[in-house]
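You will see chain A twice below: alongside chain B first, and alongside chain C after that.
After this line comes the complex of A and B, so read on.
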């Protein structure tokens, strides 16, 4: 990370772009899995610079966006219980659920606090022993290890007022689910950056082997992404899909083993509810029985009520790569970052917010 | 004296007196020393008058603290209208329990900042509130200054052709403060850029009066300031990304947090829109000034896309630089 500047070197960037333009012939659809990649691609205007035969699609890699309305309703219902403090990452509190949002619940008297990390939630738990502190655990393999660590620490400190609502999701299974749905015909995938720092590049091997789709793990600097595209183009043109790492300074093929062990100690694989995709088996992380006294779902009785999806919002099909924000009739009119209808307009990593903020040289 | 601030320190009684007396030597000047209900002084010319309240978490951060911030912030607000800052008021709202030593430290930096900026604190107030009713300490300052003849600076004054000048690296303050936040602590070598800019502005004005817009990009960052210029002047702004200076460490922190330096707060930076024919002279004057050494031209005002800021990216693409919405939040993914 120290050398971040060299990943912005315009000369190197132009060389890579040249190579991509020379080598790329076949029409190819590439999906960037991470919302963070979508942001970087727009921020640096990369779509304008790639050859016309390359089409970039945004994927489901925005943790806030993929949280299902039903799960949000649970979080909101938990917040309405007496003597409960909800702690959450910031973007999450603005996402509309079926009838309310954590932010609205807060205005109506629920104690909802924004934290930067599960460690902050632990501090709140220590300082408020007479209250139950529930952390809304969202995110992929990136955040899960730190939240696992918070549960282990709570156990060690014998904190008995700390709970986690685990809505964590894991990436490779959802990639498989999207490919199996067959709605998008992909030539290559820019695999997650920070997620891969934890899980490594091996878990994507099945995509190259079974689906014959090119894979490259990328960082978030413009040159990381160009290098990933360059690798994908090479694989596509040569007809030899594999998994490459275009993010050497961050990702090792085997990942970060201690972090993986931490996750495996506390969580087990279970089903997860993905917005726009539905319940996908083996795509989420649930708290193991051994740690169930920290599991918000096991320790509180709530009735979140029936689920209603925001009317007119097509976040679901955007997350599957089937539509883009421009296909949504509410985009930029009824739905803006100030007044978001769906989660993709709330999260700083959401596709709709990214399209809205960065647009292109021709406007929004 | 007690080692923690008590409610009684704000009651107006003996403890209040003691506390105020303990401030005085640091801030002493003939107007303040009278301790009358209001400060009385002569002033002539066009007045600039501003106020701002300061809250920062943490109160002490690398490169400054809330005291320095409260002086520099108000001095800079005056300076941005081309005024020569003269007098400041200073008011504290203190949460009971604040260590007196911390208050002392804050006062010392207020003294130093005021000395450097050449302003006098001429009136003040202290209130103490119950624990939980404030977060450690809030500071309000108001300031007056005089605007020299012929100076007309406003965010509505940008014209096509104007050059956009920035006085150095962006994002230092925001990253320095964030690096100290609970739950986010990370190591960064960058201190806050918090500084009084009135000297720099005086040097710029001495070089040319054709400075059209001037603003310090504090909260909301450079992107917000330039959007203000574009929106209020009904012009477009075209930026060159490769000209915008950002410290390597700030870029690294931004990469890791998922932030864009254009939206990060500064406390010692200014952006100016200046007449093109005087741009070189103003730039040269800035480079000779203490807080302008890193000054650069980062873009220009255009007639196209009024109200919008568009940036040519380092790789030769272009994109909109929008107003920020809501608070900056670190990435989750």
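After this line comes the complex of A and C, so read on.
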């Protein structure tokens, strides 16, 4: 595949690894923010190939994983209303909420449909004018503009049965929150590639300037990731943290302006509830009053009941980079991808699922 | 969840495009990339093109990778 295979050349990868081994001296903890990076790093066995002094940590960049139980309960409660069709991305339906999951609700009669795109949800809305179609809007800045586009399209088509439960979250504020908690001592951050396609690289500047932490935006092929690690090592060894883009074929410093404008047309910044971290101000996207008629929270009355967290699950501290799945007593025993206890085992990009599928021979 | 893969634009009709991914044809919305043209590669995320891949930058990065690996 063009723009993929070129970045998988094993010979070049070996040489880059040599370079990293030669140049990296200081002990450094690097966080890959994005769950997609965690998967790529494990799939290509990169952790084991990096020098001993570099420690890789997974961050909170998995939209399914960071969705709070309380929000999931809202989605399930919406699904129990009459004449409602819930549309959702696949992984989300299997995540256990306080008492049920969307999948269980479906087995009990709720109309829950998995979609690949917000476009599919619009199609379902067009085909079922007598029903209310509610899209469970999870995702970061990569996905939020697509949902904004779907709302504007619904408006244009005068589709009055399309609603969105906006659980969208934005990345830079949560990076700041994690750094401010002071639980993890980071030398560098591999910034999320496809979030950065939209927001660009400028929003990370505060991390280099105020926290003196190295930043590199990375793509998802092995050479992309090694290039990002090389850039981080260079910054760390020279003591000059900055923000570099190691994924220039997709990411511009200023991001995708039309997408940002779409997002800003429909959404405004508000607080968001992050699993394991709690409510973080200015870290989420809410539907603006002007588009209120598409907002599921404003148009349906629900009582999601009290929130219960899955017993024994430490997803929260894994998402903060404080623990790894190996620290969880339930990992691989009570909790497996077939029978997940928490969201980090459900999502294909969750740390627990990644550790389970690809192992971690270094135990780190 | 933030997965996006390269897709080649085959035809455009208004804001919708037909794209090719390894021989498979799919629909893609160009609402986020109004500048995209037939023959461009875009990063496709949940049915939406989120960016036009810059071939010159892709080439530059490959050059940089070569240079770095030689100057190890």
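Going forward, the second predicted complex is superposed on the first by the 358 of 364 C-alpha atoms of A that agree within 3 Å, B and C clash if a C-alpha of one lies under 4 Å from a C-alpha of the other, contacts with A are read in each partner's own complex, and residues count from 1 in each chain.
Keep in mind that, in the parts below, contacts are C-beta pairs under 8 Å (C-beta built on N, C-alpha and C of every residue); 3 or more make two chains touch, one makes a residue touch a chain.
Just so we're clear, the structure is a prediction, and the values are computed from it rather than from any experiment.
Superposition of the two structures on chain A leads chain B and chain C into a clash.
Residue contacts after overlaying the shared chain place A:145 against chain C, while chain B stays out of touching range. Shared-chain residue A:222: touches chain B; no touch with chain C. When the shared chain is aligned, no partner comes close enough to touch A:26: not chain B, not chain C.
Within the superposed three-chain model, A:43 lies in touch with chain B and out of touch with chain C [touch as defined at top]. Shared-chain residue A:259: touches chain C; no touch with chain B.
In the superposition on chain A, contact of A:329 is made with neither chain B nor chain C. Once the two structures sit on top of each other via chain A, chain C runs into chain B at 182-190, and not at any other stretch of 182-190, 200-208 or 272-280.
Residue overlap on chain A between its contacts with chain B in one complex and with chain C in the other: 1-2, 4, 34-36, 61-64, 89, 91, 116-117, 119-120, 138-140, 142-143, 192, 194-195, 220, 349. On the chain C side of its complex with chain A, the touching residues are 1-6, 8, 21-22, 27, 29, 31-34, 41, 43, 45-48, 50-51, 53-55, 57-58, 60-62, 64-66, 68-72. Within the complex, the chain B residues that touch chain A are 181-184, 242, 248, 251-252, 255-256, 258, 260, 305, 308, 310, 313-320, 322, 325-327, 329-333. For chain A in complex with chain C, the residues that touch the partner chain are 1-4, 6-7, 12, 15-16, 18-19, 22-23, 34-36, 61-64, 89, 91, 116-120, 138-140, 142-143, 145-146, 149, 152-153, 192-195, 197-198, 220, 223, 227, 230, 246-251, 256, 258-259, 262, 347, 349.
Partner chain B is touched in their complex by these residues of chain A: 1-2, 4-5, 8, 10, 13-14, 17, 34-36, 39, 42-49, 61-64, 89-91, 94, 114-117, 119-120, 123, 138-140, 142-143, 192, 194-195, 220-222, 226, 337-338, 348-349, 356-361, 363-364.
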